[in-house]
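Naming follows writing order (A, B, C and D), and every chain is counted from residue 1.
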Amino acid sequence: MILVFRPGCSKDEVAEAEQQLRGLGFQPHTLYGVERTVIAAIGDDRVTTKEHLETFPGVERVLPILAPYKLASKEIRPETSVFEIGGAGPGCPTVKPTKSKVPIGGKKLAVIAGPCSVEGREQILEVAAAVKDAGACALRAGAFKPRTSPYQFQGLMEEGLEYLAEARERTGLPIVTEVLTPTDVHLVAKYADCLQIGTRNMQNYLLLKACGEVKTPVLLKRGMSAKLEEYLLAAEYILTSGNPNVFLCERGIRTFEEHVRNTYALTTVPALKAKTHLPVLADPSHGTGVRAYVAPMTKASVACGADGLLLEVHPDPSKALTDGQQTISVKEFAQLMKELKPLAEAVGRTI
Amino acid sequence: MILVFRPGCSKDEVAEAEQQLRGLGFQPHTLYGVERTVIAAIGDDRVTTKEHLETFPGVERVLPILAPYKLASKEIRPETSVFEIGGAGPGCPTVKPTKSKVPIGGKKLAVIAGPCSVEGREQILEVAAAVKDAGACALRAGAFKPRTSPYQFQGLMEEGLEYLAEARERTGLPIVTEVLTPTDVHLVAKYADCLQIGTRNMQNYLLLKACGEVKTPVLLKRGMSAKLEEYLLAAEYILTSGNPNVFLCERGIRTFEEHVRNTYALTTVPALKAKTHLPVLADPSHGTGVRAYVAPMTKASVACGADGLLLEVHPDPSKALTDGQQTISVKEFAQLMKELKPLAEAVGRTI
Amino acid sequence: MILVFRPGCSKDEVAEAEQQLRGLGFQPHTLYGVERTVIAAIGDDRVTTKEHLETFPGVERVLPILAPYKLASKEIRPETSVFEIGGAGPGCPTVKPTKSKVPIGGKKLAVIAGPCSVEGREQILEVAAAVKDAGACALRAGAFKPRTSPYQFQGLMEEGLEYLAEARERTGLPIVTEVLTPTDVHLVAKYADCLQIGTRNMQNYLLLKACGEVKTPVLLKRGMSAKLEEYLLAAEYILTSGNPNVFLCERGIRTFEEHVRNTYALTTVPALKAKTHLPVLADPSHGTGVRAYVAPMTKASVACGADGLLLEVHPDPSKALTDGQQTISVKEFAQLMKELKPLAEAVGRTI
Amino acid sequence: MILVFRPGCSKDEVAEAEQQLRGLGFQPHTLYGVERTVIAAIGDDRVTTKEHLETFPGVERVLPILAPYKLASKEIRPETSVFEIGGAGPGCPTVKPTKSKVPIGGKKLAVIAGPCSVEGREQILEVAAAVKDAGACALRAGAFKPRTSPYQFQGLMEEGLEYLAEARERTGLPIVTEVLTPTDVHLVAKYADCLQIGTRNMQNYLLLKACGEVKTPVLLKRGMSAKLEEYLLAAEYILTSGNPNVFLCERGIRTFEEHVRNTYALTTVPALKAKTHLPVLADPSHGTGVRAYVAPMTKASVACGADGLLLEVHPDPSKALTDGQQTISVKEFAQLMKELKPLAEAVGRTI
């Protein structure tokens, strides 16, 4: 940590800060400049916080040297982590293992597709077969839906999970689905091959911990106003709770732009890949919120190095109960998958 | 709802939309302009969503006429709701009623003060006595703490609730404390006079519903990137679940500003009071994140019409385990309360 | 325009609004719903503003139907405009025409590269030759520099323009350079093949008009906090002043993100291409502000359909007087151009 | 400056950085921690930029110690600067001196009021007399109008300045009016007692310099997406050009909020007053953009310590050519001035 003192701070204030820093395990080096006194405190920044040190008398500002996360950091592991979703591993409570295991983080892009919500048995079986045919590697759909308004469709809940399990049975595709609250983790993990934590729950710390205590892989979406450091600290909650199989997903952030539902902050992909070994996906459906922009921004996502995609696909988007405005049709998805092939190859990936 | 069609849309597309709108209970009025065709659909906007109608073929944009919330709306009740915290009412599971009941939403400003976290028995008893002496009407402190990093102090949990109950016993101040997850609602409501839902949980819909199913009043803080409509829809979740005692609190939003922890969006106070009958508080501690700005922004909060304040106060902020950089001392709080008096009177309130 | 009235508005207020709307040339259609009265005013939205109509007594909200820009709109011209930079056309005051003309908006991507600032004769000649060799189609560098601090390097001014003209003479590359103020337009247009209007000047309306009065093509960069509508209205200023040769460029916006200099809002590319016929470039150097992210985000820019690129390239970025942290080396640029080839082909373009 | 090196940086990179820092006049102190090497470079941070040092090989991040502005800094002058507008001083080219001089920055709040635009002679004389009666100390109105759309009213220009001069003649109120471009500075300064630089021109550096070269006081409004440091650097441009009479004004920033025209970031007032000696005003008209919120937010502005106010006032806001939706009537202004009195007193000011 670097502590910058106010002009005119007293010697006692500096001495007091030096002592407290030593108490926290830091080695303080005090430097007297013409305009400011500075203490460079060498040690593990994670034992305290910038905010706490800023309460020391005489201190104007504190500048951390180290990132506050550890297990998520690339310094721990320089290569991208690769792990599988699908198949029941030891400790994984999935009842019916999928036929195929799908690697996340490898050379082959992980394309996870499906409707925003499970709306019924027919709908999910139809779309599962279609996305499988078009080349998706996993099926995603929501059974528990977080909705902005209490008057909107809230999801089919466990009934939806059952339909998803049937879709897996038929297609062999692993299932990715959202879990909303800690007490549901075991229920959802019983059906799903991968637990999704949605944008509104990125800082639901009890849910993060609960997902850390199972072995099912976790897709942790970025909070819509999360800074990268906060995002990686959220991942750190799952990692420190014991589950190493976490992957990330940029899904757009909240800004002043109003011609899109979210601002798709795609630089997050190379930025995360520079800071963490966790695989990084991209979600152009939520990232844009507008169907017509999904195809070009999917291509951009692949081009900038995403390890996979999350795409909303529906047999008839104009009939979708949720998110229809950003959902592409099964046919558009199949076309897009074809168009992605040369792009993936151009950046050294397969699809 | 107003549906604006793309230039060159077909008659069939317009006819199809008219039919679907009738099916949803709207009365469609179609207007043919030179550059655009428009359907003004008269009816209850809440039966569908803007996003759903935007998936209709030929539709370019949809403009809602009505706000999507109802029970929270000022149209239901033009005057500010007033209700009490403290005292065990019918159905309120608080074990030990406070001696005094405190009205929220009335002429007298509700000043709720206390440390960010319950750190121990001595600390909370000391600060409770001090804020009571200085004129606070309720004590707020966190026993369950949502923290950005898993390496930070996570709160004393039930032990903290017990200390809070003891502080109430001694001072008569009602207790406001945060609840993080649905399964904790009954535990926290057993001790607390008012449940706080924090900024990160504003869209934790299961938590909102769980708080709606008890009778304990709920302090719902604004999400750090919530639009007003989303905020009022979050309140609507609690109201539709059966709990009418909800009050709101502006606590700063996330923007590009970096000289403050949050941008304190104080216009939210008159804006909310124009749209809802729910009482509106303001939290200048989180709103600024900087101790030196708390006093001036507290005054601003009172001046613009807040129904009360949420203030972080600690015996020694430089020793606080959490949020010390934005916490004022007991002495500063007492001084501030004196300075607020003429301001409150100037806007027709008491304190 | 759609006018939504407050609940309980009077008949007189509605009648008064109808009359005023007729006076502005609209045809008002008044619709009485259960909760709201609405006037759908059919006519040319551009004769007034949403804000003005919102001052009518009784009016709660106004919703525009039409976009406020015309000449920039895709409705005027459905295909992307193509025009050339370089070569002196009639009315174009460039003294020495470039040898080659470069189309903007066509199938071939326009790659405009060069250092942030002209730092000296050697530097600009070196980089011009290098970017030409690597495949750039035009040279960009600043002679007049807008700098955040008065203590920073402000550019070589006319001396810089002379070096740029010499670089053009030697390489045949057209020159793109920034103009800061209306009185400099003729001076800069004497040397340059294309005038750049920078992000801080996007709403400098007198500069826009002055650039509209010459024939030299204009590269109008997006303001760092401009909404799309404002951006297209800025282009409209140039177009209505008589200069049809305007092209646009996404360069990142200001948001809460702090791990990048700007949030590169790449969805702007397909969004602009859906709304306007003007060509749309992308600037991943400013868009990210971080050298390591320039290559992946350049690829993303091509993949999502940009008509060209603006890239900061310097012989030795660590010695650059300005923007070194986001500038790639000549060698990195050459490598990137190679890697872009298959990507461009994958989206039906050449480079 | 603090330079943090990447893990695994080489000794040569550190040595090279030390040498370059010495060349820039810094004294480098190198500290070897377990996870990072850090150089604390003691000296004047303003001789270089954070961004430049970040281009040094091996450097991961650079953290500045000192603020980049000097003359605007409170360290130069701990008390708020007080200066007068009105009256022709030496070097001030105003043709007709106002009868009264008005101090900016003193105990008495400077209330500057008037319509957004000068619309005609009658209108401006009427409103001038009215705001004078109600207690305003200066008249503000725009003759040169920066407008988002080229189809909107652009101001009466020099004719407007003449009406303003007549209004001053009659009321004795000093005139504040906007200047849009460097070549207009002398013209506007001939009529006006104070030059306003608007939000869109905060980083129009040539305009800042031109306003620095006259002696007329300058009201520099905050850019709608300006960070505080950028804002103070813009003021620094004027100050270093020779004009010490600069005052600032918070007017709202651009954020995701859509229920207001701008987010009124009022904490900027105490924050600026902590960092600079320049007087700080507040503009609740633009700050909110909604007439109904102007009165409460004006009160908040006074309560948090603003040195003055900028208020849009019109005889009949529903007829205003510009900004009617955020303009209060003459009558509302008079009422507000009365209500402000006890608030001003409560914070130790007069009005």
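Rule of thumb we're sticking to: contacts are C-beta pairs under 8 Å (C-beta built on N, C-alpha and C of every residue); 3 or more make two chains touch, one makes a residue touch a chain.
Given the structure is predicted, the values throughout are model-derived calculations rather than measurements.
Novice: Tell me the fewest steps from chain A to chain C, where a step is a jump to a chain it touches.
Specialist: Tracing touching chains, the least step count from chain A to chain C comes to 1.
Novice: Farthest chain from chain D, comparing Cα centres?
Specialist: Farthest from chain D by mean C-alpha position: A.
Novice: Just the number, please: Cα centre separation of chain B and chain C in whole Å.
Specialist: 40
Novice: Return the distance between the CA-based centres of chain C and chain D, expressed in whole Å.
Specialist: 27
Novice: If you average the CA atoms of chain B and of chain D, how far apart do the two points sit, in angstrom?
Specialist: So the centre of chain B lies 32 Å away from the centre of chain D.
Novice: Pull out every residue in chain A that's touching 2 or more other chains.
Specialist: Residues 225, 254-256, 258 of chain A each touch two or more of the other chains.
Novice: Considering the complex alone, what residue numbers of chain C touch chain D?
Specialist: Listed in rising order, the residues of chain C that touch chain D are 46-47, 49, 51-52, 54-57, 68-69, 146-152, 154, 180-183, 200-201, 203-207, 224-225, 230, 233, 236-237, 240-241, 254, 291, 317-318, 320, 323-325, 327.
Novice: Which residues of chain D touch chain A in their complex?
Specialist: Contacts found on chain D: 2, 4, 7, 29, 31-36, 38, 40, 42-44, 63, 65-66, 75, 254-256, 258.
Novice: In the complex, go through chain C and note every residue touching chain A.
Specialist: It comes out as residues 225, 227-229, 253, 255-260, 263-267, 269-271, 274, 287-288, 290, 292-293, 296-297, 299-305, 339, 342-343, 345-347.
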